[in-house]
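These notes concern the structure reproduced below.
The letters A, B, C and D name the chains in turn, as written, and every chain counts its residues from 1.
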Amino acid sequence: MMIIPAAAALICLLTRQRRVYEYATVAGAAAMVFIALSIAAGVLRGLVIKSPGGMIYVDALSAFMLVIIALLSFVAAVYSVEYMGNELTAGHLDKKAHRYYYLLYNLFIFTMVLIPMANNLAILWMAIEGTTLVSALLVGTYRRRESVEAAWKYIILCTVGITFALLGTFIVYYASSGALGEGKGVLEWTALTSMASRLNPATIKLGFILIIVGYGTKAGLAPVHNWLPDAHSEAPTPISALLSGILLNCAFYGVMRFAVIARASCGPAFVRDMMFLFGISSVVVASVFMLIQGNVKRLLAYSSIEHMGIIALSFGVGGPFGLYASLLHILNHAIGKPLMFFVTGRIKGLYNSVESEGISGILKAMPLMGVIGFIGVMALAGAPPFSMFVSEFLMLRALAAGGYWYVMGVFLATGGLVFYGLLKNFGGMFLGAPSMPLPVGAAVYKSKTSFITGTVMFGMAMALVVMGIYIPGPLDRLITLSAGIIGG
Amino acid sequence: MTNLQFISILVLSPLAQGIIKKIKAQCQGRVGPGIFQPYYDLARLFKKDMVIPRTASWIFHAAPYVVFSSVLAASMLVPVFSAEGSIFRTGDVIAIIYTLAIGRFFMALGGLDAGTAFGGEGSSREMTVAILVEPSMMLAIFTAAVASGSTSLAVIARSGSVFYSPAHALALAAFFVAVIAETGRVPVDNPDTHLELTMIHEGMLLEYSGKYLALMEWAHYMKQMLLFTLAADLFFPFGMAGAGSGFGAAEAFGYYAVKIFMLCAGVAFAESTRAKMRFFQLPSLLGAAFVLSALSIITFIMTGK
Amino acid sequence: METESTEIVSPKEGPRKLSSAFYVIYAAGCLFLGAISLQDLLLGNKWSFALALSSALSLSIRGGGLGSYFSLILSILGFSASVYSFGYTRDFKVPTAFAILFGIFLFSMYAVFFSANVPAFLISWETMSLASYFLVISDTENRESARAGLFYAVITHVGTAFIAAAFMVLYFATGSLEFSAMSAALKSSDALRSTVFVLSLIGFGTKAGIVPLHTWLPRAHPAAPSNVSALMSGVMIKSGIYGILLVSLDLMGGGSLWWGVTILFLGAVSSVMGVLYALMEHDIKRLLAYHSVENIGIILLGVGASIIFSANNLPALAGLSLAAALYHTLNHAVFKGLLFMGAGSAVHSMHTKNMEEMGGLIKRMPWTALFFLVGCVAICALPPFNGFVSEWMTFQSLVLGIKTSTVLTKTIMLLAGAALALTGALAAACFVKAFGVSFLGLPRSREAGEVHEASLSMLLGMGTLALLCLLLGVFPGYVLRVISSVPLGGLGSVQQYAPGNLTLVSAGSSSVSPAALLMAMLVGAAFIFVFPLLLNGRRKSVIADPWDCGIIRLTPRMQYTATAFTHPLRRIFKKIYKPRKDVRIEYTVKPFFVREIEYRSEITPLFDSYFYRPLIRALNHTALSARRLQSGNLQLYLGYILVTLVTLLVVWG
Amino acid sequence: MPRQWVVVYSITDFITIGMLLTVVAMNSIKRIETCLRAYTLNSLLLALLMAISAFYLDAAHLYVAAAFTLVSKGIAIPLFLKKVVRDLKITREVEPNINTPLSLVITSVLVVVVYSSLSKGIFIEGFTENTLKVSVSIILISLFIMITRRKAVTQVIGLLLMENGVFLAGFSLTYGMSTIIELGVVFDVLMGVIILGVFLTQIKKSFAKVDLDKLNTLKG
């Protein structure tokens, strides 16, 4: 599983042939999809993969994450071929940068694949730190001053955050050694969960606080989210898609693993409060910032913050519905957000701008993008009959069952603002008479999306629609299993 | 016999108009035309040719028929001098008001159809007055209705003398103002003028002539008579023929004649003692009427009678 | 000048044929579903089935309930709207896409009325809203409609949020998402029920367009193509009424007195305000939209009265008022649909919605004019058309409010009756204006002079409804039979109010028979047609110019405009309208020779300018000031991390 | 407890306090070279501490770890940074956002917070607790330094100081985990520094000044 992206990266390193490393990347991603699916199938059959050293451990939750990662990396790879190709011909970046892009792309995937498979929490930490380093370089792909600035902020903030996460990891380890005796501590998640009840609650509390601040920074939870809008808006579109589609979820995955331990050790109330704290602040901050946000890539970034907030909230409520909701929402968000980034990328290609002022009439200029875009907007706004509504509804249900009215109130209120923000800014772009594309872009970019990219994006849109009405059985079972794992 | 009592309205309405004119003339120290003058006018109009404006559509032709037949239909619902109800036994007062409204609706359309300024002016003002009148009229009717627990005129009329409660006094006052406004009389409108800037009712009829005008006028007389009859049924419901009340048709008709005469006199006096108001002073008058009727309802609810 | 949301281009044959096929299918589907609903109601058979969406969620639908009545209404209007669209959408630019959206909209409304648990309801509800939003903006290049659409979508989304909250509270109380289980298991505190009531009233009120939540209506309805406005105004806003009935009566089985009083009050306000604003409109579709607000108000009068009665345990009267409300719902669907279609075919050939530029259309489009006139008469509640019956019943129930126990309820109900009377009169004035100014008189513009009659299918669609306006008015008994079969408190006994099929009796032993009225009028007409002949044979009539005060000849600019028509009211109700008037005069030689006078007079929409605009301004202000938090300064961000961590350590560590 | 442990504790405490002091001192240092030296000193102390405890616990893998720390943090990174500084010709730090006295006050407040919040029966008394408190204070203070300083390079140094703090904590909490992990962590840090260096040069290229005040074009 991990070999493939590494190999692909190697190929990128060796060859100079554009076609070769492009196809290598796509093929590798495709292979990963296959493997991930087979792993998921295996997990559904009830088997759990353990490496002899206990370093690697794949249960339903990991499989779930793996599937998401694999699918997204494949989609993004396909999209990259067209998008980055266009960028190259448009002269936004040179051949070398183009090749490095693919190299780093594969490394990025590699580190992210590592995350859900790691059983040892330190390895988990290293993988996450790794993603920061690689993706920082990706964010800086265009050597423009904005992109460099964004990358700088990204790496500084995330490294600071991750440092706290490391400290937290150590403290958890210390707690375990406190239970097992000096120097005999463990960092295997499996071991920790099995002995969670014997861990010293106070210690775990401290550890979890550090963890949630640390990984929370990376997962883009307010008030420690500030790197996110810059990085998302400056990165190449496929990378923005990966960042918000999987990277955030991977970071949150780290939080989840620790939360399981914390729940078992110092009771659900503590974890819930933490999650509500970060979740509520995230949705509030995001919704306010989305009200007036002309730059649609930043808009989407803030929407990612909002959705991470929702995931945190529903995770915080817990209970079968809550956890199911948060996992399902992770999936939905991982489909919807990249889709919207892809659409934005196409628009940027044609107009060489992502400011909603000055752009209009997309529905006329590129009908397919317009329609898909509208679907995406509605989905992101959590409107039925699209998939996000299902997860949000389940969250509402969980909240109601628990009687957390204030959380529900905040969520519904911000939901209105978010809907307004998204529809106002994107609607302005999609509707109206087509504004003339800038000659720079128009020269290179066909306003027509290539068939493959179009099919892929259409497929994603359809997934949003279908999963709003029906969730396929295996997926349903997988999510239920994973929820069971988190629920303990 | 009582089923055809509406005919008395059909036939006698011009007479009522004549009587009013006569009394007015007397008040103003004139001799005035004979009380049968309206009949002669109608006959004359029926005999005349018609001038149809070139701009008019079929609405213009339909309006007189609709107006007349709606008033006629309304009068078929009213118990005139016998509480036995009328030909269709559905003497519901709300139904009557709305049936009259059809007439107004089409009269206003007729006014607009020719596309002249006066027609529009007339229709506009007519509808405005109607808006101001309707609520107080309804409330006044409600008072009588709730007193007898039904909006059916037959029931109200049968319910005997309830005149002496303060609520009814107030309601009657309000209703009287409403009647004056509805029949287009001073101080609301001046039926005798054709001065373009002041006329309401006449404005709408400006393009009508001959048979159509006759129909319109006749309908107008009938409407006036009908409203008087309503007032009689609602507020002086005694001396009606029919089961229970020991009155035969003849003497009941006598009572009816007296009531109507009194009302005609009242209207005539009001008209000759008042000057016509400016159009935009009407709201204060009709608003006062509304307050009266509202008070009447509330007093009724408070006092229970 | 606003233009109709489509413009004449010649689309390819293929898509046009395809879309036509779509509409045929829709019409058939409406007939089918309508038949099913009718059958369910009359035979009283209930059915339901569930579809598992996932282990955590399942959608279920049911028939034979309150929903079936509404789906029956939808079928009537949906059928004629589809027939109408057949011709109306001929020259649309993307007929197929439009047809598909139209279908989604149509059948999502069915889904709303059929759905039997919360997720199904919410999903179909929002689908309905979004579909209508897309139809509103279907003319994608029109900025105006885009703005209207945005406003509409956001308001309705917020409304949905309230609805969701209401259902969630119900779920909290009953532990189930199935309607049936809810209505069974609901034994909860009064406070809780009231919370649900308020939430659902706000949520559904936005959709129904209750004042002050109505402001999206006059924006969205005109922006949409007329076949859609017909459906939106005819049925979609009724789904708000359906929701209110569903939650407060069907699920919670009626409630305390103040619910009824609130609804009654809102109804009175909505009806009066709605029609008052309608009077001031020159845009014929905005005018109609405001009238929808008014009629929703009238429906709510019935609903409120019914709740008050049942709180006074007078079930028979409660039944009467509820029947009135349901009847008026049906009627309004029919005549408002008719009016929108009529206006649509006028606008369709005029390419303007401004009445001031119409006039004299009756000469060139007689059938449309006739149908539109029928609609006007019906909506003014003039007998023998359908509007009269339901308004009569409403009047009856309000008058019988005297039978309630408290002084407050007696007073408020009778005053509501007065408000209803006022509304009726205002509506009459408004439609005299609407019909008179746009269809009668002289053409006020070149386009008005050369309009063409609507196509056959459009006339067919309108004709059906016009006929229904008459039938529903003359045979109230049949309708009441259907209404009495709706399984809702007190309605079972409704049929006692229609012993025959022609006569209506109210509990106060008062009765009316529209059929008889019709007869009477026909008799009268016949009489008066014959009478002059008896008097003196036939006289000839001369065609001449109308009286023009002796000037050379009458021009269209001399006839009364819509503005002039309502000028008295603008002055009388200036407290409410707050009219702004500006007169601009250009002189050639001051002050004697005037070249042109421009007279503009507009009114201040209260709720827009005193509630919505300030709100939006406040939001934007907040957003702007919030942006300082993301100042772009790295140190600041690091500071956030530090502060967060320290706080957490101090509080929890 | 046995006597030798007391000795150990006193020694280790001495060293850790030394580390803390170096960090505190950073608040008042203006010249970048001096900052670098302070950092080097800090790292060396860390390595020393590791070595000593390796000696007393005689745990072989701690020697390895100590050696690594020495090589990477004590030698490689400082050299690399020196080179960067020389390339970028950064002379001296401008005035920090907050003046020295105030920043010292805040520093002390942070220390108090740490000491108060970490002593709620979370840890067994003695070595661990003190060291941990010190290390957490170091981490927070260095974060504070990152907040106050304007030059990008000083931010990197602050980051590295944080890393040191974490190492101290980790080592005090775990007596060194399995060596592989230690290696991995160090490796990550090394990579991080290199990448940061790359970006520094790029910032130099595109902003002509490695001053964070210029780095706020992305707002809202």
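For the reader, a short list of remarks on this structure follows.
Keep this in mind: a residue touches a chain if its C-beta (ideal position, glycine included) is under 8 Å from a C-beta of that chain, and two chains touch if they have at least 3 such contacts.
Given the structure is predicted, the values throughout are model-derived calculations rather than measurements.
Between B-C and A-D, more C-beta contact pairs are found at B-C. If you average the Cα atoms of subunit A and of subunit B, the two centres end up 78 Å apart.
Distance from the subunit B centre to the subunit C centre is 34 Å, each centre being the mean of its Cα atoms. For the pair subunit A and subunit D, the distance between C-alpha centroids works out to 31 Å.
Between the Cα centres of subunit B and subunit D there is a gap of 100 Å.
In subunit A, 152-153, 156, 160, 164, 206, 229-230, 289 are the positions where the chain touches two or more neighbouring chains simultaneously. Across the assembly, subunit C contributes 627, 630, 632, 634, 638, 641, 645, 649, 653 as residues in contact with two or more other chains.
In subunit D, the residues that reach two or more other chains under the touch definition are 118, 120, 143, 146, 155, 215-218, 220.
Under the contact rule stated at the top, the pairs of chains that touch are A-C, A-D, B-C, C-D.
Contact residues of subunit C toward subunit B in the complex are 359-360, 362-363, 366, 373, 377, 380-383, 388, 391-392, 395-396, 399, 402, 407, 410-411, 414-415, 417-422, 424-426, 428-429, 431-433, 435-437, 440-442, 503, 506, 508-513, 516-517, 519-525, 527-529, 532, 535-536, 539-549, 554, 556, 558-560, 564-569, 571-572. Those residues of subunit C that touch subunit D in the complex are listed here as 627, 630-635, 638-639, 641-642, 645-646, 649-650, 653.
On the side of subunit B, the complex with subunit C involves touching residues 43, 46-59, 65-66, 68-73, 76-77, 87-90, 92, 94-95, 98-99, 101-102, 104-105, 108-109, 112-121, 123-125, 127-128, 130-139, 142, 145-146, 149-152, 155, 196, 206-207, 210-211, 214-215, 279-280, 283, 290, 293-294, 297-298, 301-302. Touching subunit A in their complex are the following residues of subunit C: 53-57, 59, 119, 122-123, 125-127, 130, 134, 137, 140-141, 143, 146, 149-150, 153-154, 157-158, 161-162, 164-165, 168-169, 171-172, 175, 177, 619-620, 622-624, 626-627, 629-630, 632, 634, 636-638, 640-641, 644-645, 648-649, 652-653.
Taken together, the subunit D residues at the contact with subunit A in this complex read 118, 120-124, 128, 136, 139, 143, 146, 152, 155, 159, 162-163, 166, 169-170, 173-175, 177, 181, 184-185, 188, 191-192, 195-196, 198-199, 202-203, 205-207, 215-218, 220.
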